[in-house]
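Multiple structures are listed underneath, in structure tokens.
You will see two complexes here that share chain A, one where it goes with chain B and one where it goes with chain C.
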Partner chain A sequence: MKKIMITLLMTAIVLGLNAQEAKEILETVDKNMSSKNRIFESDMVIHGRRSSRTITSKTYSEGDKQSFTEYLSPAREQGTKMLKQENKLWIYSPSTDRIIQISGHMLRQSVMGSDLSFEDMMDDRKLTDIYNATIAGHEEIEGRDTYILDLAAIVDDVAYHSQRLWVDSERFVPLKQEMFAKSGKLLKRTTLSDVQKVQGRWFPMTMVYKDMLKDGKGTEFRISSAKFDQDIPEYIFTKAALKQ
Partner chain B sequence: MLSLKLAFKNLLGAGLRTWLNVLALSFAFVLIIFYNGMIDGWNRQAQRDTAAWETGVGQFWHPAYDKYDPFTIEDSHAPISEDILKEIENKTLAPVLVSQATAYPQGRAMSVTLRGIDPEQEVLELPSSKLPQSDGIDYAIIGKSMAHSANLEVGDKLLLRWRDKNGTFDAREVEIADVFKCDVPSVDNGQVYIALSNLQEMLAMENEATLLVAGETFEMRELEGWDFKDNEFLLADLQAIIDSKKMGGSVLQGLLLIIALIAIFDTQVLSIFRRQKEIGTYIALGMTRAQVVGIFTVEGGAHSILAILLGAAYGIPLLLLLNKNGIGMGYAEDMAFDIPVAEAIFPYYSFRLILMTIMIVVVTATIVSYLPARKISKMKPTEALKGKLQ
Partner chain C sequence: MIRFLLKGILRDRSRSLLPVIVVALGVFLTVFMSGWFQGIMGDMIDMNARFSSGHVKIMTRAYDENSGQAPLDLALLDVASLKKQLYVEYPDMEWVERIRSGGLLDVPDENGETRGQGPAMVTAIDLLSPESREVDRLNIPDAIVKGELPDQPGETLISDDFAEKFEVAIGDEVTLFGSTMNGSMMFYTFTVSGTIRFGNTLLDRGAIFIDIKDAQLAMDMEDGATEILGYFNNQPYIDEEAMALATSYNEKYSLEEDEFSPKMIRLAEAAGMADYLAIAENMVGMMVFIFIIAMSIVLWNTGLLGGLRRYSEFGVRLALGEEKKHIYRTTLWEAVLIGIIGSIVGTIFGLALSYRLQAHGVDFSGMMDNLGVMMPTVFRAVVTPSMYVVGFIPGVLATVMGSALAGFAIYKRKTAQLFNELEV
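So, the complex of A and B:
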């Protein structure tokens, strides 16, 4: 009886420590990945059935509430702008000179043919705010040791019921992320690489998003310039900025 | 009576010229009836099909629901009260729960609307009874057009991804239990029907619905917490489309009618020019100028009577044949337009339509006959008797 009690106590302590460690890992990941605001210049490589195309854009974002993206190339997409405020999304197309709000089924459409839907771009809260983490093990990815974290939602209004995260054990940057449906079905996989030190934090400069329910090679997102905690004028996050 | 006799005598005496005019006018007459009959028939069929498959005798919407505004779908659901449950058990109301989702047929992503429907409902013609509920597999039924665009058949599996009421993603495979044929695109295109209880469980909306469809046996009354929409409102779009089709068709009919009327006008001008001696004789015999104008007007107008008789001679069998066999439209596989179109349209010729068409043909033919005949009132009888040009 005594032995059983000791075993149970030890298990509880180990599990508690595991949860504590996992939480700390996730907090460090959030510190690396989140910032007050950021400005990215990036290339989005969309792989189609026959060919691939690259879309260059500049994105300003503040917290998880608002972001503004301007597409710079190719010529067909140049001048297209997108504004996100809370759970609303507007898109401006220079060819029609119109601002339209993306809603309902349109939110489920992919952004410019990529594996990212508009609604994927709407939810980017801190992981610690919405998930409880436990360490499921270790694995080596591209020569780097990673913690495997299993994340379970602690709030109701979360897009993915559970996630699995492979976090670089030294730099505390996720190198792989899998998002699951409530039913346990794998919905999306993100592979992150080219981790660089930017303004004192480790940050993955290349991300490959793959909608696991859809055929195709996924969408590559390469950040060419990342700046954190900059002075972004407030007007950038207004509808008026879309037409400028 | 005399003028009518004279008119017909003169008309028949003119031979081929009269019959060419009458033939042209009869084409316009038959075409007007045919086109409007087809539009009316289409309208009746579309309204009947839409009511049978989608709207019932009216719908009770959740106050936040607006079928034209996808923003509203997320918040448009409410629990079904005990009172309403009794109506559902009596098959007088059919609850429908609506949600948006993404379907992945053959690795492609396409936006669909999920509709939860009671498999035991009898209000709508949807074959909801083909949704088995008890063997642990999720089933769905889809329309022929949806099956065509997603390349699906009965027994195929379709992967669906949706967000529940909290916004959490979920995904599941459903098996296609039936592919139904329906002429109402809004019931078919991009719609996936699932048993109501399954969809309620999938969306975490137990015992909730977005709208309630009222059947013919429903005793109309207000339901607390639900807004009633009658078929006048629900079919307003269809009516607007029909009205615009009618308007478009009336241009063509007008042109055809004008061609026939120009021929009558031309004949009248020629008659008055060539029959001056006859006009002079009528006046010399004691007829007033107005009476002579009357004779010529009736003569021109009588073209329309002959046109109606001729039109009836070949039009009635033709139109009745079309009415019996319908006009094949082909199944609108693509359903490019969001309008209910059946495989065959059966024209509907109402008494009002026929009467109105007769009136239009007679009145317009009489007017164009009168216009050149007015010249007679200015003629000098002596000059006319001599046949001198005036």
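So, the complex of A and C:
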């Protein structure tokens, strides 16, 4: 009986330490990946079944509440703008001079044929705010040691019920991410690379998103310029900015 | 002998009236139900052919594999030359291109911002060419609730339910939002020229009809279409012909190693249609089988009752020296004659009602509000040549089977018992 009690106590302590360590890892990841605000210039390479195309955009975001994206090229997309405020999303089309609000099932649709949905683009919350983490092991990815974290959702309004995250054990940046449905089905896989030090933080400048329910090579997202904690004028995050 | 039996049947109505009524009723139901079900199934198949599957349909091999998602990026290209080639090789068919896609229909307020929106099921057909038969094929003029058909580019017909819900009037602008063939965002503003209702949820839910040229422009699909539908000229669907056509086309043009090569499928291969066709083809057989079984049981019972009533008659005939075999044979001939008379009466009534329902169907639209299957809301019968004779199979067969089973009692009579019964 005494032995069983000691074993149970030890297991609880080990599990508690594991959860504590996992939480600390995730908090460090959040520190690297999140910021008060940021400005990205990026190229999104979308590989279709017939051809590939590159879409250039500039995104301003503030915390996880609001963001503004302007598409710069190609000509077909130029001038298209997207504004996110809390859980609302508006798209401005220069060809029709219309602002359309996207809601409901449309949020699960692909953005411009990519492997990213509007929902993926909108959910920019810190991982520690929406998931509990446990350490599942270690693995080497591209010559770098990683912690494998299993994340389980602690809120209901989350696109993926659970995730598995491979976190660089030295730089605390995710190098691979798998997102699962409640049923356990793998829905998306992201590989993150080209990790650079930007304004004192490690940040992956290239991400490849793969919708596992679709055929294809996935969508490559390359950040050409990343700036954190900038002075972004408040009017950027208004509907008036969409038509400017 | 037949004339003698016929006289007996006509003069002694107490032995023939009930079996004739039973046979006539059964035959009436066989003829009418087979005509009605054939009519419903035929209309359902025809509706699917007109709206979605054609008699044959050409798509890319990749589109065919994912057709449930209507993936625009896997659509056919060079449609004009494909159609030209089809008309040269298969001139007895009419070939039409269509684009089918999903999206969001958005209604703007006075500032150009979203006032209301709902999911849209886009069907792009040739609405504007004077030679196009697509408008009539889809019965659009009868489906128009308000307004009129588009007569210029940029006009659209939208679901009347959608228009009611978001208070969209004729002449208002609506924006279609979705994806282009390349995956870009598609925004295209149309002017509403009319509203439509087909009476079928599957067709009416967010339905929007636009001209194929507008769709090609909006969706970056120059000379592209999601499918080319083929229709036999002035004839209904014949599976054998469609199969021969699809086989010859696919052998020539559908390449396994090229996912964008065209592939022809016949109506029977479209989702769920094989089952409908099998039911339609076997409907008469099923009806005949059901009524043979049901009527045989009823007529066996009637025969037994008749046999009991004619117990004394058979006894006297046996006592007079008539052979059991002869009595049994005449009973069976009587049954054949009763079966023929009942079948004639039943067929006349069955055909009469079928002709009536062929001309004026029964409207079930009130009961089909949430129907998710593409089927007509007015159920019509169809009169086919087979219906003139099909009733005679259960009519005669069931009567003979019923009499044959009931007639076994004749063989069970013992001569000694017979004389005892007759108190001789």
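What we mean here is this: the second predicted complex is superposed on the first by the 244 of 244 C-alpha atoms of A that agree within 3 Å, B and C clash if a C-alpha of one lies under 4 Å from a C-alpha of the other, contacts with A are read in each partner's own complex, and residues count from 1 in each chain.
The rule we apply is simple: a contact is a pair of C-beta atoms (placed from the backbone, for glycine too) under 8 Å apart; a residue touches a chain by one contact, two chains touch by 3 or more.
As the structure is a prediction and not an experimental result, all values here were calculated from the model.
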item	value
Superposed partners chain B and chain C on chain A - clash or fit	clash
Partner chain(s) touched by A:158 [first = chain B, second = chain C, both, neither]	first
First, second, both or neither for A:181, with chain B first and chain C second	first
Which superposed partner A:100 touches (first chain B, second chain C, both, neither)	second
Touching partner for A:213 - first (chain B), second (chain C), both, neither	first
Chain B versus chain C as contact partner of A:197, first or second or both or neither	neither
Partner chain(s) touched by A:114 [first = chain B, second = chain C, both, neither]	second
Superposition clash, chain C against chain B - the stretch among 42-50, 96-104, 258-266 or 312-320 that is involved	42-50
Footprint overlap on chain A, where chain B in one structure and chain C in the other make contact	103, 105-106, 109-110
List of chain A residues in touch with chain C within their complex	46, 48-51, 53, 76-77, 80, 90-91, 93, 95-103, 105-106, 109-110, 112-114, 239
Partner chain B, residues of chain A touching it in the complex	103-106, 108-110, 153, 156-161, 179, 181-183, 185, 187, 211, 213-216
Residue ranges of chain B in contact with chain A within the complex	69-71, 73, 100-102, 104, 106-109, 111, 113, 159, 161, 163-164, 166-172
Residues on chain C engaged by chain A in the complex (per definition of touch)	62, 73-74, 104, 106, 108, 112-114, 117, 119, 175, 177, 179-180, 182-185, 187-189, 220, 259-260
